[in-house]
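Every chain is named by a letter (A, B, C and D) in the order it is written, and numbering of its residues begins at 1.
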């Protein structure tokens, strides 16, 4: 996880053509930035260029608050880039949505309280009061929105208002058992991260462990993905599996699944918080 | 893999009730059989009992050729059992079906020629001549049936005739690129083993690696399963996965997939050859 | 994890000979016990028999408090058995030892508070005050024993006194950074479970991640094992690994390692709490 | 695996300082090379820079046979680089050393004969005649050097003479059961690849599966590494593991181990043949 160093992180994607890499590294080098990390990848099939670069700002000539403007003017426009600029000493602000299951929440809060993650968590939101005591034991405000199908259009705008007032950068759905509306999702493009308890696209929708048991599979898994309007079809950040046998009941699958869910979820969220993920169409580039 | 010892293997399933285990072990012990291995499992949800037991025949009082009859009369009828009796010094006779891809065939033949597997392979059948040279280099008869959709009903009966004349116990589809007819499949219930290049039920049907690439998944896998009339829906014996990244092209998936296909396939076939698999409905019990 | 049902669990090991399985199942069946689970394994190399059986006590003729005596008299003595009898509605009492790292503790307490584990945790013991707040937020008594090399012989007897007064059944060392004395260990044979942050026997002793980084390995792992007087050489219950690359610094290994540590630890402890582990010499039999 | 395209591959390592990346990409861009792939990594701990770059030679101004000289003069000397230049349409020439076990050999030859690997195999060398028939069935010359401890100093120079006459680029030890002399090893620095049947540094030396069984581990594995004079201590390219249980006998470990050996070996060799590995000291950088 990112240390609080005086450094910039730039994520870029654009149509591929010659000279992009040289232009970007030249922009940094010429202005006395020391490159700490660089990775790039070209999707030859679709003709797309992706890049992540980190550089020290200690001797960088362009003032921090001007970097975005300068880069846009001098480089990005020329190459029709879409780019995201972050600073490593700025902590992303994350909201956690939960319902009744605590394992993913506990796992996140363990990383938060131990300082493993470079993140602020100003709020935990739920449609049930069950996990309020966990939020309180970590001194994190807990907001109850008893959201159901029939009051979603009324309550979601209040959630958005709260989230915006808190300057939330990323929303993580830690086994949140409500489908978000398209309006809500479109308000936070590639900023809502979900954990689904199957290796998508297998077992889309409800009760994937029941589906898995019925089908007699020998593996179960979990998928961490960005939420899009198309349910369970958003860009996948991370997936993993665990072996099962005929002896495993549905209860066993649920129990074994919890471990793979929380690990896959936390890996995916950490990649996002470290600004290592670029989503495009229904896919992701995940830098090391 | 089974050694050529003087031992019997019994696979059983039946409705669960008290006393089955005691009755079976008593049948063996009373007749001076020495139990070498025993495993049983009860599917409490469906009320089914499954068991696998191996015992030495060195001092067994019932002659080998009478065991089936005695067990049926004394035990199986009482408990409404379905049972399968095998002897460890009898080699299963296996037919391999291939098309043009050689990696699963090569892997099987490597195990065969090194003596890893307790099996006879009297024939390799293909709808293309491409891999004939491999069969020949192992001195295994190669039979070409240039099967297509339009001649399947004509050629499949000839295949069945050949297979039956060779007393084939098990048919393995080593990346055989034709769908078998329902008649063919019903002729060999739970005796045809296929390798599918995805973790079923994800990516059923054709070109699973293309589907996986399009969906942007982070894992690909393979499934070894018994063939039933319902395509890609038969009982699963074994599954496994390998991690991929955004950098992997479809060619990379095909290449990485070959390794997981051949390993999963061979694990599944070995379990079958060792009489460790019981299929029921669309599921399997796989004993250790 | 075990449900609180009215059932007995018996773990057995003894020299192998004919008739053990039949004698045990007969003991249960004759007395109207309904077998819920049975697994057995014979170590042919060393001539040892291992067994785990669970049966319902609903109609069992022998009173619960007499089962141990009856089984000992009627069966165990005849076969020179070592056996352990547990009841599924009795919760094991577990003490957790910690130092400064919280990830394994957090993971255990998440399972405890969600009811995943059938266990009581009457005390958390530490040689540092750092994690007291976590114990308090779960309302578990926290006892500080500021144990060092020079006061170990003085403080350990006080720890034993406390543990015995609390009727502790199992002690788990959740990244406890002190070596226990031989006296302490011998007081709790096969009842102390440790997590070591390497795949033993690789990287025994201090700083395994530093050792792994120096050696340039491509995998790191964790080992959950019973503690014996011989450091890091006790019977292994569970192991697993995670892939690393040249890009991973020691800090990355520590971070990735935490996830595999807590998962391997919890898997191992759960197996123990479910009475599924038999340790003998420096090895374990772990039933499914 | 590399396609036979008109492209160059450059592997570089040197002391880290500013401007290396810009200098290399500028050298390629200025001369009309189109970069197809670029990856770089800085070992901050040791202050070392590593890079791999592929570029199309279709419009490249510097003639193919002059690239090495130009790059050395214009770039490499300035940065004190060690560099390796390869062309993607040149097939590496590989010698395989075997003894009696065939699984790794079979796996390599399956990839070779199917065209998966971009490689020539002009010779298979063995100290036993057992696998000659496999070489012959692939029309690869088989050379028997009945090497033992007492004739090693006599026979190894003859092996070197043969290998040099065949312009061998890489030697793979496919379960070759002889220790090579220091002289032999020094003749092929970072060009000899071995498969060891444990996850080094665990179970160095002879009979690792016996050692693993004695220790009661729950995982076995394999390590693909460059051979150095220090036995089993060379730079590791690839490692992986497979889970085992108490039920696995030494024979089972040997059987399960074969699968992980051949997969790990082939992954490592493929990385080398694709010019994706840089070894330094006792470690490797393995590019994606």
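Just so we're on the same page, a contact is a pair of C-beta atoms (placed from the backbone, for glycine too) under 8 Å apart; a residue touches a chain by one contact, two chains touch by 3 or more.
Predicted model, so just to flag it, every value in this text is computed and none were measured.
A.B. asks: For the pairs C-D and B-C, output the one whose chains share more C-beta pairs in contact.
C.D. replies: C-D
A.B. asks: Using C-alpha centres only, name the chain that sits farthest from chain C.
C.D. replies: For chain C, the chain whose C-alpha mean is farthest off is D.
A.B. asks: Roughly how far is chain C from chain D, centre to centre by C-alpha average, rounded to an integer in Å?
C.D. replies: The separation of the two C-alpha centroids amounts to 42 Å.
A.B. asks: Taking each chain's centre as the mean position of its Cα atoms, how many Å separate chain B from chain C?
C.D. replies: The mean C-alpha positions of chain B and chain C differ by 37 Å.
A.B. asks: Multi-chain contacts only, two chains or more: what residues does chain B have there?
C.D. replies: Those would be 245, 247.
A.B. asks: What part of chain B is in contact with chain C in the complex they form?
C.D. replies: Listed in rising order, the residues are 18-19, 21-22, 25-26, 29, 34-40, 42.
A.B. asks: Where on chain D is chain B touching in the complex?
C.D. replies: 1, 101-103, 106-107, 109-110, 113-114, 116, 137, 245, 247, 255, 258-259, 263, 266-267, 288
A.B. asks: Touching residues of chain A toward chain B in the complex: what are they?
C.D. replies: 41, 43-45, 199-203, 215-219, 221, 235-241, 243, 245-247, 249, 281-286
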